[in-house]
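Following this message is one structure expressed as structure tokens.
All chains are identified by letter, namely A, B and C, in their written order; residue positions are counted from 1 within each chain.
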């Protein structure tokens, strides 16, 4: 691994000792009906840092993500952005604060309004949170499209004219339009073809490098987060069973379930015995 | 000692109206063998699989080729492309079974799991009600469902995703088919469950000696599960061969790029390499190699002017104008650090 | 599977035109609309001009479709009646849309309490026979076509409410609504910019189907004397007066009856065609 990678890893473990971060989850609890979805989950993310939350379906990782961005209200616990409790905010104040906390969703087609041209989708946060006039917004949209590897003339098309990877680029352009401090990515590549996944991961890593946002990366796949995460939290049954520096999770997992997860990643070097000999 | 062939696909072409989706695909399946059909979305792999059982969506049709289902001692094999709907209905589930990505879509939500499996047995094998029900419970046990006697009376929605896929596999294997077609059978499942389902498929295949066609986009799934693989790109086969040979020494730049893009590389400390560009839209095939616009090794004239033929040598085949020289230079292998 | 959609990217319009009955019905609607707009220009006579010397005459060079019991030109009255009937139906459909759709969006999006209350009100309205309610309202407000059609609009509003609510409930679960929330959109903006454009198509189908019913309702109310007041003509009021002279001049009944039949059929055919075309589009894999 590169030197920069190593340095980030070191910084991450330092941050863990810190009392708070840019975004902090404190004792989050959410119950649906009688089924507890998230029980007492706490972690913090610093600026420029990526925390991966890994777990399988029903682990509570998506519920946690939705509480972080305020799509769900926790039953107990707090989400602190720069020390401010988001749950205390309502209406206009909450909407204004959302500009600092943006989300990229799993389903890149579903997360774009099919009836809206992509330029208008990307411009919407600019319209809501900045004083830019129409011409300035158009310029900014063109710049954002270039930044995510698309062309300015793509702004006039509808989402269905794009491939899955391109749609995810559009969704990312919308999410970073107002320069968020934290980006929550909920399985951003699991709906994409393998050949495209690495493109999107590279894009996200490059943007983080350039703008320094903190990132919470939700995934079911330990292999996918291997190269983007500074720290990894493993969730199961609504609990954070292990949280540590990425390297340690792979090389020296403490929890039995983490070991199972690491073992379940398919190996490209595994081979099946020949059927003719058997 | 070569096992007997059970399925022979020859020159299969599929089109949606005037738009070609799959072009001239051929492969063979032998008893006990697992073949992976690998490709990205839009490669035509799913269409190929659906065509084998006459399950193409409306507006999509086979335009050329044959799908022969062979039986030992049968001098006139059945061509599934030209077979009538009644023949196909008899073949489906009895001689060729299919497992889809979404197990819930394959199960009737209003009928108990046991009854659904029993129904397959009664329809295809003419079993009586009681023996079919007993056999259904045995099958559920065989695919690893705990307390099969009790679970047989439950409806599909009470099963977890992995359990549902096990039930679907039990239903598919009920008549001990000669061929099992599994279309992305683990894509919708959790990582730990995926490993269990793949193990189950391999075990059942060995026990029943059937052939398996595994359709997937995920090379990580192929590695430990299949004996051979066929890689499709933009509706054509671009490479085929034994899994070990192809993975260790890919002959087509696309195969090599797919291997380098696999996220599993990260687990070995290698950064997955993105394949730049996008798959060409169907209906606008470039004159030469369809991958040339994204290929790091493409040369003008050699690759993008005339159609490239699929060249066979032994058990390998490859469709690339520069394959021989690229392999000579070891350009397509992954960088050293040697795989075990 | 994206392949097929991309390969056969044909528009809804092309699909509709492909069905001959729908194309024909669309043509009828275009003609009716033009007639309604241009009635004063193309009508050969003043529709209220009486000529008592030429009552109940058959077709002639001066009066192509003959004259009615007051000697008025039937063709001119039919042409002007188109304007009145379609205008009245448009009013009813507009009232129904304006009352039903916003409430449906709100109920579908907010769910819970708002949905419960609004849906009960809609159910109550739906449980009353439509025409009877319209008659009651029209009687209370006084017999005028405007009042009657506003009443009809109110009666049809629950239908629009239900379609809008149902479509909104499906859209509400979509990721792009969540994306809009996390972007910082207000509820009004979400409903207006993100929900409405995506529930528009079933509502358009509903508009066409309801238009057909509204024409029938106008005819019925005018036939009962609660609609258009003399000497103005609508298709329904022409029918009402003509019934008295059924034996002397049956054409007076047949003509407006035929026009009503054709108009209602045309609206329903276009509505059905639209619905089928949309259903086919939605079934296709994306």
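Going forward, a contact is a pair of C-beta atoms (placed from the backbone, for glycine too) under 8 Å apart; a residue touches a chain by one contact, two chains touch by 3 or more.
This one's a predicted model, so the numbers in the text were calculated from it and none came from an experiment.
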Most contacted chain pair (by C-beta pair count): A-B
Maximum centroid distance from subunit A, chain identifier (CA atoms): C
Subunit A and subunit C: spacing of chain centres that average the CA atoms, whole Å: 49
Intercentroid distance (Cα basis), subunit B paired with subunit A, Å: 32
Subunit B and subunit C, separation of their C-alpha mean positions in angstrom: 53
Touching two or more other chains - residues of subunit C: 2
Where subunit A touches two or more other chains, by residue: 163
Residues of subunit B engaged with two or more neighbouring chains: 41
Interfacial residue positions of subunit B with respect to subunit A in the complex: 1-3, 30, 32-34, 40-41, 161, 190-195, 202, 206, 217-221, 223-227, 243-244, 247, 257-259, 261-269, 271-276, 278-279, 339-340
Residues of subunit C that touch subunit A when the two form their complex: 2, 5, 174-176, 178-186, 193-194, 197-198, 200, 286
Touch list for subunit A against partner subunit C, complex: 69-71, 95-96, 98-99, 101-103, 105-107, 109-116, 124-125, 128-129, 160, 163, 171, 174
List of subunit A residues in touch with subunit B within their complex: 1, 56-57, 163-166, 193-199, 201-202, 220-224, 226-227, 250, 260-261, 264-272, 274-276, 278
